[in-house]
Amino acid sequence: MENLIALLVAAPLLGAAVLLCGGRRLDRVGHVIGTALAFASFGIAVGLFVDMLGRSTEDRSLHQHLFSWIPVGGFQADIAFQLDQLSMTFVLLITGVGSLIHVYSMGYMEHDERRRRFFAYLNLFLAAMLILVIADNYLLLYVGWEGVGLASYLLIGFWQHKPSAATAAKKAFLVNRVGDIGLSIAIMLMFTTFGTFAFGGVLEATGETGEGKLTAIGLMLLLAACGKSAQVPLQSWLGDAMEGPTPVSALIHAATMVTAGVYLIVRSGTIFNAAPDAQLAVVIVGAVTLLFGAIVGCAKDDIKKALAGSTMSQIGYMIMAAGLGPIGYAFAIMHLVTHGFFKAGLFLGAGSVMHGMNDEVDMRKYGGLRKYMPVTFVTFGLGYLAIIGFPGLSGFWSKDKIIEAAFAYDDGIRGWIFGGVALLGAGITAFYMTRVMIMTFFGEKRWQPDAAGNEPHPHESPKSMTIPMIVLAFGSVFAGGLFSLNEAFVKWLEPVTEFHHPHPVISVPAITASTVVVLLLGAGLAYLQYGRRPVPVTPPKGSLLTRAARRDLLQDDFNHVVLVRGGEHLTRSLVYVDHSLVDGVVNGTAAGFGGLSGRLRRLQNGFARSYAVSMFGGTAILIAATLLMRAV
Amino acid sequence: MNPVNYLYLAALLFSIGATGVLIRRNAIVLFMCVELMLNACNLALVAFSRMHGNLDGQIIAFFTMVVAAAEVVVGLAIIVSLFRSRHSASVDDASLMKL
Amino acid sequence: MTALAAYTTSSGEAFQFWVLGTIAVLGALGTVFMKKTVHSALCLAGTMIILAVFYLANGAYFLGIVQIVVYTGAIMMLFLFVVMLVGVTAADSLKETIKGQRWMAALCGLGFAVLLVGGIGNASLSEATGLAQANAGGNVEGLASLIFTKYVFAFEITGALLITAAVGAMVLTHRERTERARTQRELAEQRVREGKHLPPLPAPGVYARHNAVDIAGLLPDGTPSELTVMQTLRDRGQIRDVSDEALDDLRALEQRSEERLGRDEAGFPRSAATAAGAGESGKTEGPK
Amino acid sequence: MSFPLLTATAALPAVGAIATAAVPAARRTAAKWMALLFSLATLVAALVVVFRFDPDKVVNSPADRYQLAESHAWIADFGVRYELGVDGIGAALLGLTALLVPFVVLAGWHDADPEDDGKSKESVATGRWRPTQGFFALILMVEAMVILSFLATDVFLFYILFEAMLIPMYFLIGGFGDKAGAHGEKEAATQRSYAAVKFLLYNLVGGLIMLAAVIGLYVVGGTFSLTEIAEARAAGNFEMATNTERLLFLGFFFAFAVKAPLWPLHTWLPNAMGEATAPVAVLITAVVDKVGTFAMLRFCLQLFPNASEWATPVILALALVSIVYGALLAVGQRDIKRLIAYASISHFGFIIMGIFAMTSQGQSGATLYMVNHGISTAALMLVAGFLITRRGSRLIADYGGVQKVAPILAGTFLVGSLATLSLPGLAPFVSEFLVLVGTFARYPVVGIIATVGIVLGALYTLVLYQRTMTGPVKENVRTMPDLRVRELAVVAPLIALLIFLGVYPKPVTDLVNPAVDQTLSDVQKQDPEPEVEAAK
């Protein structure tokens, strides 16, 4: 059975290769091939899942060793896969949602002449993401890690003719690279500390080294996670990444890739468990990000950017949970899965809206769309309810648990702080999601004819797009509940990420109640602001915070001033230095010799007699020298 | 008196000849100065042969004379043809060594 | 004879050395500083002869003779020939053209001399063996035995060198005649074509008082004619001016005839001729 | 006396050069084909060598370290011998060289066609004007010398080749410059000659200093032969005074540092690569410069182990500067080829860092890096060359939106860029990571600083790609044709190789590892134990 694991990756990889190398003759069937292979991968995943369920808890972890990759001295990297419950969860999520989004894209990208390429990239992404989650050592994980980065680069910049898209793609890749430094340093540290970087080896050897090393490794892993999962301070790329086609935003920048950071931290749980400081850092980053993203989400008028902000903050929740240790890992993953469902659903809904609105993204130009696109409205609405954690829906189950765990961080002030933050986040989430909902589907229509004069005619999207949305909607409604039936999900993951029951500082029911209250408050506020009075088409000036939030809380400006400008000056001055200083020294020497020889050649006046004089003088000097030598 | 004086004389003559070579521009006079130097050497050789009491010095002086004769013959011939080509016997006119 | 070139030097030789040596040095200086080539050559010849004497004094009898015969006799003559070819008067101006050359040369020469003298000075060559025993069998025989035994190869090579030199000199100086010599007829025709002075040139030295070739013949009006003197002398400007003395002789002759005939003729156009001769005289000059 | 395989391998291209040069002027195409055939034959020979070479042969005496050895007396009076032999590192680089040259030839197919100005035309008619023959002959000549220098185990022989390969390179740079000069034909010509002279002078100075060191080595050791020196050292009768060893080491290292440009001796490379045609630029950076880094491994470390250790801190610092500095300057360039040149400087920094990290990972990584950098730079540079010849300009600003009109070109360019930024899955990643790990294992700080290069690498490559390939289509780009078959035949194999070596580098590592361990034992170094093992 474990021999099938490689096939998981092979199928989409094959698809990417075929579609890229196939050339134009595949243009017509390309999307079909891509989708078929995605589904093939999904099928294999399901098969493996069923097989895994059939096994006893102990030997559920499958292992497949393909070949030795980089053998140099003590440095032994293998191409080997490991499929345990954690990986399985991801595989199912990735292949499942991935396949759905392939289907959706068939409709969404129908009129794009580079559709074949798009599907090739999607397959490439699937392959890379699968490698990431089923790798059995950190180096192979790194391959997948960068692979998804590449896929995301290609897909964000898919419409390369738009400079904004190209820039956004580049930015995403670069910021991710900064994170990758963390991952690579972490791997090097593991190698120098444990002599291996395979999950198993690290797991065993963790106990045998000091906490300092482990903290360092943990922080480096956290840096990597920040880059990939758009956590503060490396979150700036996610907003721009929305330049990509919407299915991409749904798959990569909502459901799967951006959650890789969470996977990394959970996967390295043993290290973090042994390094409390690192864990604290993780929790802080998560907490900060979840507020940050939420605030940004409140201010954006671009529907996708608003959703991006919410993604950021939801991942903040997961990271926070992952930082909480054994009490949080399982919930982090659970929220990750449910979030995968409803956020993908939301994005697909947004895509459907844009599809109907001539790719208009400004929510202030929407309004009252529920009449025009009912299916989208319903699915989007369900996703909305799920994400704000409406009791009974998926979001509620997962997020509520995280909040509990946050309160259970310790029985001191920190527990209160983190719990409070989580709670507050829930409220803000409710606020901005309600805002999005109202601005998009309620109120009266606010769209006008665009510059070209053609007024958008909102209409429901084709089946190929609505079906995936419906499926995802189901997921976002029931998944959470299913997982929480006598803690099925937690039990399922426990062998990998051991699980301790959280003991919050206040009783669980109280937390649940307060959560509900808070989200109602948020939703109510949003209703008061956007539901009661009409939404202005041109955004009001807004408070200082609002304006800052519209600009991603000035993070980009900071980057621009400090990094971009500074970098430009640095390089420019260095170019100057290289040309005038480093090169100048050499050229100067050359010039000096030139001048000297120019002077010397004056002596060569061509008169034999003056040459004779020099000869004669030379002889004289020689004699003098010999005499002196004799004298001394 | 000491036969070394001959050597002093030879040195003196040699230096005078050399200076002449450097100063004069007329090729013929130049040659004469060269001859003067050669003769000075001969004198020295002869004196040496007297001091060492063997004839090798004289032999070498003899050869010097012969070579000098040959040299003069060729040299003068060169001067003549030079004079024909450019109506002057000044060596500075032949300052073609400059690039 | 063997007394000479002993390891010590007689006072006579010392005297000879100091006198002749001084002259030799003067001669050398003359060679360098004389303005005219001929004079340089003569000074050099003198120096060489003195050197020959010194050779003899040093017991190099053969060399002494050779020095006189070959050097002074042959080589110096060769020099004089070349001087003649190039032109006796071709004296080069002693003003230096290359900047600083003269000073440099003087400095080097002086320094060189000092160094040589100093070198010889501390070479500590006080005692001399003398050639008495080497010259026992006669100087020439001694040389011969060495030349034909020890130095035979050098000797042979020298011979080869001499031959090469001779051939080389011939090659260098020989000029191939490129065009056919023109016959008299052709020359005459050319003269006619150019239409100047058809008849042969007038002979020099008219008024057969003296028959030197360097005297220009006088034209009927008493003015000397350049044409009558040979080309070479003309080029060198060595035409003796005869106009005045010729006229003086004429005047003296007339006086005597007057005395003899006892009559005086005033109307003879003498003064004019005199004036003309005087006018001519400035133009020509004779060798001093 | 078996068949002199190594000599034959090196002789093939030399013969090819002569044959190509002999082709009459009118038959230009024939010359091209001849060059191609000979380079392919060389490739075959090189492969034979690589397969005949047995990496796992046990080394009992220094003599059996170099296999397929040949040794003949050459200049007996100075103990100079014609000694060839191949070890793992040499074999890998031999393979690289022999592999790249056919692509260089193929890529430069039209670079040396005489322009259609009157002069060359009439002289083509009269058959005096034969640049094409010269171009390809010179390329083969360079190949021959480089191969021989990879095989030479006699210091003096190596020195001679090390210097001699400057001559053909000089003519290749100065004589066949990029027709797409920066501003105007005349300007380009002066730029070219400047670049060529600069290249020559830099390397000559290095060579002269090295010559002094070579002679010094002979004075000290009494022989030029690596094996003899190794045997003497093994027998314990090869002692050098510390200062002597250090001076000699510096003499050698200086020359190699110029050749494999190490900051601050690098400034010749951008000029040379900028002015030369793309294939020649590949020849410079992917083939000739490798001799420098290779020689550091073979000569500096083997001959002067103690001095190498003594100099390591400084060299590592310089390497770090090269890495960061080269990358930063690459970001600042306006000229595509100069940008790639500075990127190469940064990469050479990595290679040198790996060599002097004195760990098996570092040195295997460095050797692997030489190979991979050769391939990746070749891919990127050649595609860039195709791009430049299409548009006739080297300035990045003149391009934009190429991927719209020439998607395949853009795609290959992207792959090349990704290889240059060492994306996992492509070959350079393996080597770069090995170098980083190897360095980190011994000098953690250095390793961490070097990782900055990862980000900067991504920066300059992606900036280049974005500015040239994406965005709205520029006017003069609109009619740009996509890659032709010949060009695709050049690029596709390189890309395939990049992917293959990225996924399965084992063949190369197996080839290299034993040799590297040998080198490490020369400098008496072991890999640092992982902390956990050390604790036990």
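Think of it as A, B, C and D in the order they're written, each chain with its own count starting at 1.
Definition applied: a contact is a pair of C-beta atoms (placed from the backbone, for glycine too) under 8 Å apart; a residue touches a chain by one contact, two chains touch by 3 or more.
This one's a predicted model, so the numbers in the text were calculated from it and none came from an experiment.
> Can you name the chains that touch chain B as well as chain D?
Output, common partners of chain B and chain D: A.
> Across the interfaces B-C and A-C, which one involves more C-beta pairs in contact?
Spelling it out, more C-beta pairs touch across B-C than across the other pair.
> Using mean CA coordinates as chain centres, what's the chain B-chain C distance in Å?
19
> Between chain A and chain C, what distance separates the C-alpha centroids? Give it in angstrom.
Using C-alpha averages as centres, the distance is 110 Å.
> In whole angstrom, how far does the Cα centroid of chain A sit from the Cα centroid of chain D?
37
> What whole-Å value do you get for the distance between chain C and chain D if each is reduced to the mean of its CA atoms?
77
> On chain D, where are the residues touching two or more other chains?
Expected reply: no residues.
> Residue numbers in chain A touching 2 or more other chains?
Chain A, residues with two or more chain partners: 605, 607, 609, 613, 616.
> In chain C, which residues are in touch with two or more of the other chains?
Where chain C meets two or more other chains at a single residue, that happens at 98, 101, 104-105, 108-109, 112, 116.
> Over in the complex, which chain B residues touch chain A? Could you list them?
18, 21-22, 25, 91-92, 94-99
> Any idea which chain D residues touch chain A in the complex?
Residues of chain D touching chain A: 201-202, 263-264, 266-267, 325, 328-329, 331-333, 359-361, 364-365, 401, 403-404, 411, 418, 423-425, 429-430, 433-434, 436-438, 440-441, 444, 447-448, 451-452, 454-455, 458-459, 462-463, 466, 469-473, 503-506, 509-510, 513, 517, 527-533, 535.
> Can you name the residues of chain C that touch chain A in the complex?
The touching residues are 98, 101, 104-105, 108-109, 111-112, 115-116, 118-119, 122.
> Considering the complex alone, what residue numbers of chain A touch chain B?
Those residues of chain A that touch chain B are 604-609, 611-613, 616.
> Going by the contact rule at the top, pick out the chain A residues touching chain C in the complex.
Contacts found on chain A: 605, 607, 609-610, 613, 616-617, 619-620, 623-624, 627, 630-631.
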